[in-house]
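Here the chain labels run A, B, C, D, E, F, G and H in written order, and each chain numbers its own residues starting at 1.
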């Protein structure tokens, strides 16, 4: 897949420094480690700019601990573990160093201090979206972004939002989290000139239909510059916000 | 159904002023006129405070003209005809006096000047909702309400809306018309202390799903005091807004 | 946002009675109190005509108690707390004076006697909608409206409904609560000439789909003057009904 | 499939009156005629109590005419053709004797006078449902039922419906046709003690969603004795109503 | 509502046998008993041909017992109570004579022997639909119909169904209960010439979507003579089947 | 149904070797055993090429054990029992010989060694789909297919999938199991030239809507040769994959 | 991707028969031809066992002709073009040799006689599904399968289907095409022991919802061995059926 | 809203350089121009970093021309007009200088050369998505981004996509456009480390349901760094991609 590596290997073969078989083996060697129930993707950091994240929901504490251990053994730091409930966290903690945030159900294995740069604002419409907000904020922080939290600035009390316009406008990326009618994304989108990542939440009842109302609302946001991630997907929003926040300038690369 | 009328008739029977048969006939005589393809409800004005409205969509020009004629003959003025396209209007105009507004596809048969009272604000998020807005505004005006139009004040350019806060706050009822994400209803709902009637429109594309996004959004509006009518139902909103606008005070009745 | 206040402040600056910085501070001072996990909106009563309501579903008893305490400290009475289960209520009761209605899961913190005015009718189709009905009724009563309860008057036994026509027709606003097919809204809408607020409930099974059948039914109500709030949203209906019920006459304002 | 016929054939074989091959041929001879693009089911009258009906929507005029001709040749009378537009009807008419009703888009090939018995009431909520109503009524009449039409008796003007209670209560089966919120089915279901066949129609707009609102409403009808056919399926309702109307008494069979 | 009663009362008034006030009171006296949390409809038997049925799902055991007691006091026998779980049944049993069937969650208060007439077939596609089937069967039996049960005759093993064609064809009404793809309704509908009441069930998983697949399938049944009740609504099907089964002949009435 | 058997029986009758009654009895004798709550279809192996499978979800342990016992008594081996939780399995195990796999919730009653032939690949996108994968794999193995498991080869790490292209391309049938966006089916479909059976799973959250996202995705797969079974239906996929895998060549039959 | 080719190229490099650059170029040379608006995949036949198919719906006649010409130039025969309306076909015909079937909207460019092998049965429930059926049948035939057409064998007239059981049971793969309730898939699935590919069609009206009813029905088919393709996707079904039909035996490969 | 401007104005008032009334007027002067049917937002460039875009779908050619003229008069260049069909474009062209691209239905009024910077890749799965792709590409170009087009690289022919991995990996933002199953977003998301903006399209048929399948698929994309805009919203994707592409580095600002 990497043309340069391919050429290098081919030159080595031509120069007799490598047998064709070795080259073939090298080329199709998968850059992941197979530990039976999972294939750990150690090269993801190279390809995607961040180490693999452990999605905790469908895994046992033992599985999480095993994967984290291998990643730490392979040199990973600040390994994000999402959707991990407190019981699992307590067990994982016995196996690997772990910092755990119960509200967001997020853990960070092998946590290390690292500088936080840029500016991501996580804004939310109400206190009920807290878990999703914190998942987004902690994800972005773990990946290296500085995060400003603006919670409970829903559009029904517009003055609360307007009181924070300056903070919003100073962001390099805004994560707008809202349930119910999800209007926050449109209103924020109209106030800032950076990318807005909207996260619909399943907070609400009745015709909320598990987050559908906020999802459709955000997809139809009349403001430009807004895009949407899955319902309750705080992790995805924080991950993307970090990616946007940490972009280099065009000339910098 | 009307206890007083019942007592009156019964007294007349007792006093020999009316035969039982006549009374029975009187009592179950339907207060409507059957003209074959429709039953015109002449008494609706008494029961519901407004004369029957003609829903033009499923009717031929000839049917509309016939119903309007009978109603005019029965003394009705300012008879509202909704969802009537220009072709039908041109034909109806030949049969009865008609004022027709093409944008809203609304006609008023036997139009008469009448005083407009109170204050209904019809606010909309964009120019594409014009037809629904005008259906609402003309309905309320035909029924006797003064209407202020605030169009193109969508939430993505919040300053446009905020520039009109005073007008919004002076309303006795606001009709908030919006397609796409329908956030206008929530934002307006947070700014005023009168009832807000939200009208989702089918304007938009993609995940708008024929107005579903705005509908769900408005039903989930985080502001209190907001209720919703059917998608694109400008008539229903204008009708209800007029009813609210013209309410008497508690002591006045 | 308030032009008069703005002018007053500007005049004070011009007259040297206030520094520009103080004025700027005054103007953008948010009329809410930030208590960490929430921003309490003390000015809402001024803007919206009712004090902020505490939505209890997503909050801990401690959070509810904290918010209520601050509001009481700021002078609020009859503070409505919705969707609060009995366990939370028992805890909140220890912190603030509380009247609690278990069926509706509604609490009133710092309850005070106040006169009830006007006339709101809450009508329902069956006994299973009781919780939603009572949420609506208690909300309207807490906000100052007199409420008449007409429960179990579903359309399948029309005579039960017709026996109460007079009560219905004496209302200034009717809240029509119904699950299943939600026909009550249409039938009531055809009998009265005041605004009807329809509340679909999730009562039913099968193709009820969590209240969708009643919701769609009510949005499509063939009677005019009917608008709809979210599924099971008794609070929203009671809040709006109170707003409508307490409207002043056009000349009274 | 018919045990008696099977025994008879087997006896004939045993008695030498029929060869086994002939018997086998007889037994698996399909009771239909294959005319290439269709297999005409001549025996349906025996099995189902009515001759096969031609669903005109997906067929050319030539195909309809061909099927009808064969059926007439096989002795069928009063052959119902549904969903046939006027253009096709004009062409079919040239090939076979045809009575055509444009409103219902229903034709009857080889029409013969026949006695109409019993009493089916077709009731509808508005004039816009006329096509569906007439499809139901003409179907039932073609199959031999006497039909009473009660159109425009929607629930928003309850007195119109109540004026016809006696007619409703005299029915052996009521077909309740309604679009929008479909409340008619529930209300009628509460007034009569015969089976009610509800037909949701796609009449309406917005959150009607092509008849979904009326469909769900009718499925959730709170009155007992109500069942539902497909949206706009006037034919299905008329067919079933005829079947119910013409039932014999338990002892009569 | 009853013209004869009206005439009789009016004659009594005319003849001085009744005061007008008494007549008015008589006429609008609701034929139900208000016991606070419910209005018992004692006249339903007259109007609808069956005594009121108690829907147990949303009621406490005490409420069920209270309603049943009043109905028994008013002379009702064989009072059907649906959706009552065993715990409630055990409590109700202490208050009133009760026969309870746990599979169907159906109780019969004040049970009396009565003759079962006619012939209703309840057919189902699998053993998992048993609860719904039994609700239908017990409902029909309680209301006086003889019921034949044909369970586990799903279309995937057509020979099982075909082995019972004779029983199916002897029915006066078939209740076809099926989950998953609901094909049973179409297949049965093609085999019989009596009305078929189809009951979709929520049995299944995945794209069954809580019974939606069977519901849509049955509404679209290609066989004529089929109508549909709500998902899992065994009671509704049994009630309607009994009504159809017990129809008198046209001449008999 | 079987013409040959019919002819044979008819010949026997003609030749006096069988009475007509016996023949009729023979012909309509259902090839199943009625054990009250179920009708066991012993002939299914002849018709469908595999013995009847016991769907454990809606049955008690006692019922499962009873059916399995009868089938074993009738000579069945390797009887598949799906959707059986560990508690039931423990009970069934006491009645019949059973091999149970907890992850897949699959049991095999009366398990016997048998040769595994051909090559079915079960591929999945993540570790969370394990239960569905194993249901598919064990089903295919129990029915006689050799199965290769390729788990955790989701499309977001394409190299993991590409490392196994050879294994994929050696399959006679691939079962592609994926939740979330279900892209695996399309990607695999583009890489192989054997039939691909896609199984959407309900793994995911938010706009996954219980598997709907993967289902729609797979139905719309842009690669040819892909078909889809129900959400989470590992059994159905394994059953079909076995059928395809074990096909004979055209000349072989 | 092809390990053998990789090794061969690497050996050539080692042996000095190829420069490394040439090898790299060779290896990542895409096996497709870029003609601007499309990339023609000439190697698909090798990978997928059939030449690329031209999906005509979104392309102009000129684009279709251009792609077909290049493919013919590259040696392709019997190139399938789907969803091409007659107007486009008339134009394409001028550019390349074309056989066109209007009912199925299918064209075959550069048509050549080729032997048809095996046995695919295409069965349908009604005449309205003809276009989809023929798309399936012509696709399978163009790709080399012998096809038996069994049209109009819907489940409402079961005898029509049963008359063809032998033909069904002789198939190596059945394509079951049905709209409305889609029951055909389940019934056919219960009768045969070969794979069944179900195609839901959008034929129907009302609660058919564009094919949704048949789609859900087929996904929930209670018979095993059934899988489903997209609504109206006759091509996909025919393509897959051909792939299954032409499978070699396990030993044959 | 701008604290600095506020302070400046207040200082001017204090210093007697401005009357309080003038200041108030200045402060609430809306930064838009009201031309009757629309309010043009001239300040949007300041707030949002791009001049207002004209959404052409709901506007007449005359309205579009009028808005564009005013904007040009106010100094705007390269004014984007989306969803404008060729007929309207021809008329608009007469009023203002216009460059029009028919495939994308995009116009640029008052077009000027400007440098294109950075690197946005627009990738699509098939040729049928061309219109949406071009809307995205032209939007990004008009706003100043260099765009690389990679069309027809769908996942069913993975080698076509893999041949362009280098181009994908060189992007600062990828717009992934796909209909049908939308798998492109996941696959691309797994290959790059820049933000991916996914655009579901309504291309497809059957269970595509107007783009729903691709929408849900993309929302559930298993790759991180992917967010989604509305169905067919090429403009929104291009707008956001430009915003991301043109981000400055953290130190640069």
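Things worth noting here:
What we mean here is this: a contact is a pair of C-beta atoms (placed from the backbone, for glycine too) under 8 Å apart; a residue touches a chain by one contact, two chains touch by 3 or more.
Being a predicted model, the structure only gives us computed values, none of them experimental.
Counting hops only between chains that touch, chain D reaches chain H in a minimum of 2.
Taken together, chain E and chain H share the touching chains B, C, F, G. For the pair chain A and chain E, chains touching both partners: B, C, F, G.
Shared residue numbers account for over half of those found at the interface formed by chain F and chain H, and the copies are therefore classed as meeting with the same residues. Most remote chain with respect to chain E, judged by CA-atom centres, is H. Centroid distances built from C-alpha atoms place G farthest away from chain C.
By residue number, over half of the contacts seen at F-H repeat in one listed pair from A-B, A-F or A-C, namely A-B. Note on chain placement: the centre of chain C and the centre of chain E lie 38 Å apart, centres being C-alpha means. Chain F and chain G have Cα centroids separated by 25 Å. Multi-chain contact residues of chain F (touching two or more other chains) are listed as 1, 3, 28, 126, 157, 162, 190-191, 206-209, 212, 215, 219-220, 224, 230-231.
Taken together, the chains touch in the following pairs: A-B, A-C, A-F, A-G, A-H, B-C, B-D, B-E, B-H, C-D, C-E, C-H, D-E, D-F, D-G, E-F, E-G, F-G, F-H, G-H. Those residues of chain F whose C-beta lies close enough to touch chain A in the complex are 126-128, 130, 151-153, 157, 159-160, 162-163, 203, 205-209.
For chain D in complex with chain E, the touching residues are 1, 3, 47-50, 53, 117-118, 162, 165-166, 172, 190-195, 197, 215, 219-220, 224-231, 235-237, 239-240, 243-250, 252.
Those residues of chain G that touch chain A in the complex are listed here as 3, 6-7, 10-11, 13-14, 16, 19-21, 23-24, 27-28. By the touch rule above, chain B contacts chain D in their complex via residues 1, 28-32, 37-39, 41, 43-44, 55, 57-59, 63, 200, 202, 210-212, 215, 230-233.
The residues of chain A lying in touch with chain B in their complex are 125-126, 154-158, 179-183, 185-187, 189-191, 204, 206-209, 212-214, 216-224.
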